[in-house]
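Have a look at these structures, which come just after this line.
Shared between the two complexes below is subunit A, which has subunit B as its partner in the first and subunit C in the second.
After this line comes the complex of A and B, so read on.
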C-alpha cells in the first residue's frame, strides 16, 4: 500500500519545522480531504537555501511535504517554478488512487513559485 | 500463543490451539454427514456436537442452530426470510450503526421489493435508544434488525427493550450478534429475538463459517433451495472442517468468557490510564458507562492529527495494527466511518478516530507498548502540524 519512499519520508522526516522569517511561504490544502502542507523557504540569490514544512493529513501527504522540501532545497527558484506537473508527480513515486490527491497538493505548491513576481 | 502488536480483534481473531486441533481432527472425517451408512456416523456426530456447542454459547436449543458461511450470510438470510411473507408496504427497520452486511442488504432488498427502509439514529454515545427504533416507522413493519454490539465503538444496544417493541407489534426481530458473541454473555432467550447471526472468526474460530439461531425454524423461510441439509433451511453439504473449528471456538469462548472479559476490562482501563498518565489528550467515541460497551473495544479520537497517519506510524515503526475510522479515499469524496458520522461527531473527531480492539492473547506488555507508541505518535504528528 505504501512505497518505501513514502514510508521513509513519513516515518523519518528530515525537513519538518519552521524557518525564521521565511522569504517565501507555499501553502495548499486539499479541498476534499483537508490535508494541508505549508512550506517555508529561505532564498538567497535566487537559490533556495532551506525548506521546512508543517503538515496535517495522511501519511502520504506528510511524506509529500518532506520529499518536496528535499527537492526544493539547493535548487533555483526559477528552475523549480518551471518544473512540469509530471515532474512533480514523479517525485512521489508510484501512488495508489487514494494517495493521488498528494500529487495535486505538490503541484499546487510548486505552481505558487511560478506566481511569485520576484524573490531575493 | 502470543500476538504482539495486534489490536484489531474486532476485524478478526487468530485460530486458537484448541480450534486448530479440532479442525485437524475433522480433516480425517470425510464422509458426507447426510449419508445413511455407518461410516457417516463420525461426521454426523461432529455436526451434532457443534450444534450443541453453539447453542450452549447463546443459550439456545441445538435444533434452533443452522450453520452458515459467515455473518454476512446470516444477516442477508434474516432479512430475506423475515420479508418473505410480509406485505409489500411493510418496512425494514434497522439502525444507522449497522454493519454494511445489514445496511446494504436492507437497501437492496427494499429496492428490489419496493419496500421502505427506515434507519434509526444513535445518540452521540453510539447507542440507539429503543424508542428511536419504535419511532422509525409508524406504518407496518416487516422486520426489525439491530446489532447487539457495534463493531466500531463496542456500544451495546438495548436489544431486549427493542424486542418488547417488536413483540408488541408482532414483528420479527433479527439481531446481528457477530461482534458480541464470544466477547460477552449472549442469551437469545433474554434478548427475546426471533433470529440471530454470528460468525466464527470473531471468537478464534475459522473464517468462512458462522451460524444462525432461529427461534421457530418451522416458520422460517430457507436461505437457498437445494438438498435437505440443515433441515432444508440452509441446504448445501456442510463445511465440516469449518464447523468443527466453530464448535471448538464456541466451547472455548463459553469456558473462558469470564476470565477473558475481566482481562479485557483490565486492559481497557490500562490503556486509558496509561494515556492519561502520559498526558495524551483524547476523546472516547462510545458510551461512557463501561457496562454499555464491549470490554475489548476502544474507539478514540486524537484531535490535531489524521488517524490514518497515526495508524501508519504505529504499523511501520512499532509493528502495531489498529483500525481506522476514516481514510483518504479519492479526490472526489471523503471516507468517514458511517457509525461515527451517525453519532454526529465533529469533523476533527471523525478524521482522528482509531479503533483499538484486543483479546485473549493481548498481554499487559503489549498494552504498555501500545500506550508508549500512541503517546509518541500523537506528540510527533501534533508537532509536525504545529498543533503541539
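After this line comes the complex of A and C, so read on.
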C-alpha cells in the first residue's frame, strides 16, 4: 500500500514545522476525506529559500507535504508555478487509487503559486 | 510444543483467537472473563513496549514497565494515549509496526474538520472484522432482510469510520440502499423504497440525526409506516446535533414506535470510535455491552489516575489488546458511566452508558456531526 518514498517522507519528515512570518502560505483541503496541508514559504528575489508544512490526514498526505516542501525549497517561484499537473503528480511516485487524492491536493497547492500576482 | 500452541499459551495468538469468540466470551463466568482480559492486556502491553520506541519512552517516563503489570489494580498505571494524538503530524510515532504493514487507514472528522486517522495492520483489521461481526451477531442477530441506510455510502465517503462500521452490516442483509447522495437525502425516496421492499424484513440504519430528520418528514406529512415484527432501527454516531441540541432518546424511541412501528427493544444504538476495535451495542433493554475482548475504565476527569465508582460519570479509557498496530490503550474525550449488571442478564463483561463529549474536548462530535454540518450547508 505504501511505497518507500511515502514511508520515508511520512516517518522521517524533514520539513515539518512553521516558518516565522512566511511570505506566502499555500493551503488546501480535500473536501471528501478532510486531509489538509498548509505550507509556509520564505521567498527572496523570487527564490523559495525555505518551505515548512503542517498537515493533517492520512500517511500519504503527510508524506506529500514533505515531498512538496523538499521540491519547492531552492526553486524559483516562477518555475514552480509553471510546473504541470503531471510533473507534480510524478513527485509522489506511484500511488494506489485510495491515495490519489493527494495528487490533487499537491496540484492545488502549486496552482496557488501561479495565482499569486507578485512575490518578493 | 508447536509454535502455534506456544503463541496461544504465551503470545498474541490468544488475543487473535479471542476476537473470533465474542459470544463464547460473553458466556464465561465474569471472573474468568476478567482474568482472560487481564492476560490479553498484559501480553499486549509487553508487545507494544518491546516494539514501539515511542510508547516505551512514555512507559518509562511513567515509571511503569511490563514486569510491573501484575494485578488488576496495576492497570490504572498503564500509560494511555490521548485520542488527540491521532490527529498530530507526528502520529507516525504511535506505530508499533512499520508503515509498510499498515493495510487500512480509517478516519473520523469532527467539528474542527481535522481528521483523526487510525491505522490498522492486517492482524488488527482481522481482529476488528471478527469482533465487530461477532458483536453484530450477538446483539442484532441479523442474517437477512433489507437495510435502508439513512447515510452516505462508503463509495461516497470512503474510509469514514461510522459509515464503514455500518456498511459491514450490509453483508449480512439481502439488500440495502444508501439514501444520502451528494450530501442530500430525499425522504420521499426513502418512503418509496421502504414500501417497495414488501418481501423483506426492513431495517433502518444510520446516525440518529438523519433518522430523526426522516421521522420529522413523516410527521410533517402525516405518513405512518408500519415496519415488520423483526425490524430494527440501528443507530451509530452520537445524539448531539451540529446545532448543539441533543436528540432526546426517550422522544426518539416514542417517535420510532409511532411513525415507524418499531418497539424500543428493537432500537439499538452503537458506540464506536475509529481509534479502537471495540464497540458497545445495546441489548433489548437499551444497555450497551462492551466488546468482551477489551476492558474499559472510567476515570475521574479531575484526576485521571483514579477511577470513579460504578454509575458515576467519568472520562472513558480503553484497554484494547486487539490493536497490534498502535498501542490500544486510549484516553478518549467521551464522558460515560460504567453500568451494573442487571439481574438476569446472561452476559459477562462490562456495560456502559455514553453521556457526552468531555467539556474540555476540542471536538463536540464526530463523523455524524460533521456530516450534518455539510448537509445543512448544502442548498436545498
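Keep this in mind: the second predicted complex is superposed on the first by the 120 of 120 C-alpha atoms of A that agree within 3 Å, B and C clash if a C-alpha of one lies under 4 Å from a C-alpha of the other, contacts with A are read in each partner's own complex, and residues count from 1 in each chain.
The rule is short, and it goes like this: a contact is a pair of C-beta atoms (placed from the backbone, for glycine too) under 8 Å apart; a residue touches a chain by one contact, two chains touch by 3 or more.
What you see is a predicted model; the values in this text were computed from it and never measured.
By the touch criterion defined above, A:58 reaches both subunit B and subunit C.
In the superposition on chain A, A:5 makes contact with neither subunit B nor subunit C.
Of the two partner chains placed by superposition, A:81 touches none, neither subunit B nor subunit C.
When the two structures are aligned on the shared chain, A:104 is found in touch with subunit B, with no touch to subunit C.
By the document's definition of touching, both partners, subunit B and subunit C, reach A:16.
Looking at the shared chain after the overlay, A:29 reaches subunit C, while subunit B stays out of its contact range. When the two complexes are overlaid on their common chain A, residue A:91 makes contact with neither subunit B nor subunit C. On subunit A, the surface patch touched by subunit B in one complex and by subunit C in the other comprises residues 2, 7, 10-11, 13, 16, 32-35, 54-59, 62, 98.
Those residues of subunit B that touch subunit A in the complex are listed here as 304-306, 308-309, 312-313, 316-317, 327-334, 347, 351, 381, 383-387. Remark: subunit C residues 87, 89-90, 92, 95, 98-100, 102-103, 105, 107, 109, 113-115, 117, 119, 156-159, 370 touch subunit A in the complex. If you check the complex, the residues on subunit A that touch subunit C are 1-2, 6-7, 10-11, 13, 16, 29, 32-36, 54-59, 62, 98.
Listing the residues of subunit A that touch subunit B in their complex gives 2, 7, 10-11, 13, 16, 18, 30, 32-35, 53-60, 62, 97-101, 104.
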